[in-house]
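In the two complexes below, chain A is the common chain; its partner is chain B in one and chain C in the other.
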Partner chain A sequence: MGRLDTGRILATLAVIMFACLAYVPTIVREGDIVFALTDVYLYETMINGLLLGGVLALLSLGLNLIFGVIDVVWICYAEVVMLGMYAIFYCHTVFGLPLIPSMMIGIALTAVLGYAIHYLVIRHLVNAQPINQLLATGGLLFFFQSAATLAFGIEFRNLGVSLGSFALTQDIYVSWARLAAFATAAICVLGLYLFLTRSYTGTAIRAISQDREIMTLMGVQQGRMYLMTSAIGGGLAGLAACLLVLQYDVHPFVGLSFGPIAFMICVLGGLGNMVGGFIAAFIFSELIALGGYHFDIEWGYVFAFVFFIVMMFIRPEGLLGKRS
Partner chain B sequence: MLALSGVDAGYGSFQALFDCTLEVRTGEAVAVIGPNGAGKTTLMRVISGLIPARSGTMTMQDLDLVATPPHDIIRLGIAHVPENRRLFPRMTVEDNLRMGAYIPMARARFGERLEFVYDLFPRMRERRNQLAGTLSGGEQQMCAIGRALMSGPKLLLLDEPSAGLAPVVVERIFELIRVIRERDLTVLIVEQNVQQVLQVVDRAYVLEAGSIRMSGSARELSDNEEVRRLYMGL
Partner chain C sequence: MALAIAGVLVVAAIVGLPPYPLHIMIVILIWAFTYTGWSLMGRFGLVSLGHGAFMGIGAYVTALLWNYGGLTPWLGIPVALACAVLLAVVVGYPCFRFRITGHYFALVTLALSEVVRQTIIATRDHTGGSLGFTPTPKGNDDTPSIIALQFDEKETWFVIAIVVWLAGLAIWRLVDRSMIRYALDAISEDEDSAAAAGINVTREKLKITMISAVMTALGGALYMQYQLFISPDTVSGIAISLQIVFAVVTGGIFVQLGPTFGAVITLLLAEILRVQIGTDAVGLDNAIYGIALVLFIIFLPKGILGSLIDRFATRRG
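Then we have the complex of A and B:
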């Protein structure tokens, strides 16, 4: 039954996507009327949407993993990404390290930060009321923002690295940074999937979210599993930072611009459901890209949020979430 | 093999076990019987470390269980099949069995033990890729017992294996306990199905209101007037 249900949802989504594609069947551009399906710029937009989806998928992956396993929502997740972006910026621009080692340091630091967040804060709240968990991680959000403001100032910084773009066809240009981000995200999602399904540790991480207490009987130390998950989640935030820092400026409040989207993706996909989150990321990115193409980029976000709200009425448990 | 002496335990301010002394010798099958709420499940949970013992001593093959962290109990050769089976419902049968072999010394022999479990429960081989939550009650119990066997235990703790199963299935579960005993496993079993369990075990303890009231061979207890009246409805 579950499988059929999933199939029906995916079919519905396909219809919605197609409707989005064709929701303005003809476009008036500079006096000419262009039929949408033959419009190369539309295809360029959709490709960019797809590439953006990869980054959003990666961004929500760590958050989803942590929620799925530990059952605590890290409100401060995007701020971990922000700190990762600063780490890369400082290593590369200030200390003059090459880009790749800078990124590795960024990932390592956010992994340590994820570990520390769990060890210092979440560990003491695992069995607390959800509201207290939210308040604690919400407090961390402001702590990280303020700490970053004090340490780095409020100036917008960027790496000053431009990877340029290449021509896919005569008319369609694709940015290397976005393509690299998409490819990395795809590899990571696949890698995480294999880790979670093929290894003992990965299987244990999935199992612990289904029955915490009984894992002890299997010889699994719950606390250690949580610390490892938090470190992996932090590392994924660092990886997202690597991809974002190539395309966006860093400032202490940059987390606010993609944190809410990351949360909505997780919720839309079904909190803790990684496949659902993955699909949701692409729906969001296409809505943003297509809305931005037909109207303004702000309208893209409006469409995405409206879609989110409507879906919350139709399927409050998320696309692939379990009904409870 | 397993020895408990003067064990007290409970939840918060509620004490569930008082001064429990019990022994399971190598190769034996021992049952703990008693009414609902007598503390039978608590006893099992204390042995496997899910609830700390407040006082008393517990040893497994002369190793101190009280000082062993809960997640290391399984390394001493104690596998616990919990009440209500507690499978991972959204994982396949084989992934559930894989979790049973999580400890490093069991991982090395995963393939071999998987064959052993599949030979014991051919049904599990057929359903290896099915989600555990979709199995029938009897199949879930087999999967739970199989999961416990994957760690290669010396002592198997079974908590109410027949609970919630149809009479025909209950028969089969007790039959399986006989088969498991033939494989040189020591078994400690908690059961409400007193009449049937006394046919597969060597000895039994009667637990009432957290204290051990009686003990004896399965034969003695099935002939005991009080046990027959209170627990067998005869």
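Then we have the complex of A and C:
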């Protein structure tokens, strides 16, 4: 069976699955197909799911870059986002800076943090076993979480800024913050794509992700490229933090609630494949949103994780990845 | 050496230790057993972040059967272990069959541990969700301790913990000296060559995964029976999975007493910091763990005990 066939079959299956998850529970519960098809709240859920996908896509973007280029899983990536959220929160509410400069400080700090993580830890482990890299960043996860607990306490903190929402139709409301996240994610994917394909540095980064040894011979400094990638990845985490802080409370363990999803999006989309990651983010977010609408939000997560496990068996290279 | 330690501990218990140190030792021994179970897989490069799932199943299935079915843990635990094995096969078989290794194996198992945690939370009507779950105390209808597997005396628990821990070490040794160890060593070096040499890669990996899952689930069930309280965050999820991996790496993944050593160090550190500094420093223990883990991976990849043994061996040899 050719690759295209497999792709088509999977796409068809995905559509059928989506329809089942979206409509069948309501049809079964209400016994009324027309009602299910015209259920306003269902459509609101779908739109919100779509927008949540934007947040998730943005969240996994930096991780995807690092994962794809350096081939290291930063288990602590969501914790970098968490620290970025705290930075913005403190700049804005404690030091009284306006929102936009606070966000810029947040992005700058996470970029520095990304640089530091690579310089202090990953640099020593670039040629180590993948598992050791994973565990070292796991140690950082513990450290960031606990450091945040020590420094900021375990209270839930809210920025207290709400962008509000607007009415799309009479019954469907959409939050500005989610729409902003969605738009930012789309712009960032495009920007990152242009950076990686059109700029000299971007080309070097892509080249080095293909072959470490040869590119060193060609005069590309591997260490410098990796540091730069880590800093960009950290900055993207900060950008995600800017948009998350508008929607969610900050607390030291917030990373655990979306960290796993971020890795799975990267892997499901195909490592280092930004577009694949984007699609994967929307699949996950719809599964979570619809699962949450019909059952419980936790069931939404269960569906998403089970879907990930099954997809890993069917297409380990990811939705749009190339089989190596 | 393990027997010597066990002997000293038993004597100490008979002489009569105060309840607090006894409690700490029981907890350490139960965790050490679980960690040993994980290290059986981990030492062969099968880094599972899904052991929180097996532990959660061991604890929750046993507790749910007791509360709702009145089934004694003597039967409930075997059922829970069977569930853990089933899950290990359902996820493990395709993983090994489709050759999912390295990062990918870690991420699939990570997803697994989250599936179990979220399922426990989602079925809150029966499991109590995030608020936790308490097995019915034996006192309610005067069930004998032995049937409820609930003992008031810490000494009884201490003996149980020691027996189980020794059994864990015995399994480790049995695996260490069996053919499966050579097969898995070969597989972790190079799967293709191992397969070419006639090793059934999928079957060998599945075997060790099942053993490991059973041990972890048993650890979870015992933890539940001893503490008589469980919550999704104390027996399942990523945090527990990482805690397991971390302690084993700290102690030493390749030596028999490494996981035990890891359990002693990590749990004592947490306990000492908690007692000394109190609640002002919530998280300090984990901050220290975290940094230590990073340093260990970079400078002492064999763990504390592993490195000590290496140094000792080279000096003698």
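Here is the rule we go by: the second predicted complex is superposed on the first by the 292 of 324 C-alpha atoms of A that agree within 3 Å, B and C clash if a C-alpha of one lies under 4 Å from a C-alpha of the other, contacts with A are read in each partner's own complex, and residues count from 1 in each chain.
Simple rule for what comes next: contacts are C-beta pairs under 8 Å (C-beta built on N, C-alpha and C of every residue); 3 or more make two chains touch, one makes a residue touch a chain.
Keep in mind that what you see is a predicted model, and the values were worked out from it rather than measured.
A.B. asks: Evaluate whether chain B and chain C can sit on chain A together after superposition, giving fit or clash.
C.D. replies: Taken together on chain A, chain C would fit alongside chain B, as the superposition shows.
A.B. asks: Just checking: does A:A281 make contact with chain B only, chain C only, both, or neither of them? Give me first, second, both or neither.
C.D. replies: neither
A.B. asks: In the superposed arrangement, does A:L140 touch chain B (first), chain C (second), both or neither?
C.D. replies: The second partner, chain C, only.
A.B. asks: A:P260 contacts which: chain B (first), chain C (second), both, neither?
C.D. replies: second
A.B. asks: A:L217 contacts which: chain B (first), chain C (second), both, neither?
C.D. replies: After superposing on A, A:L217 lies in contact with chain B but is clear of chain C.
A.B. asks: Of chain B and chain C, which one contacts the greater number of residues in chain A?
C.D. replies: It is C that touches the greater number of chain A residues.
A.B. asks: Quick check on the superposed pair: does A:L196 touch chain B, chain C, both, or neither? Answer first, second, both or neither.
C.D. replies: Neither partner.
A.B. asks: Shortest C-alpha to C-alpha distance from chain B to chain C once the two structures are superposed, in angstrom?
C.D. replies: 21
A.B. asks: Residues of chain A that sit at the chain B interface in one complex and at the chain C interface in the other, please.
C.D. replies: In chain A, no position sits in both the chain B and chain C interfaces.
A.B. asks: Within the complex, which stretch of chain A touches chain C?
C.D. replies: Those in contact with chain C are residues 73, 75, 121, 124-125, 128-132, 134-136, 138-150, 154, 252, 256, 259-260, 263-264, 267, 295-296, 298-299, 301-302, 305-306, 308-309, 312-313, 316.
A.B. asks: Given the complex with chain A, which residues does chain B contribute to the contact?
C.D. replies: 48-50, 69-75, 79-80, 82, 86, 88-91, 95, 98-103, 107, 151
A.B. asks: Quick check on the complex: what are the chain A residues that touch chain B?
C.D. replies: Residue list for chain A touching chain B: 200, 203-204, 206-207, 210-211, 213-222, 322.
A.B. asks: Under the touch definition given earlier, write down the residues of chain C that touch chain A in their complex.
C.D. replies: Interface residues on chain C, with respect to chain A: 45, 47, 91, 94-95, 98, 100, 102-104, 106-108, 110-112, 114-115, 118-119, 121-122, 237-239, 242, 245-246, 249, 281-287, 289-294, 296-298, 301.
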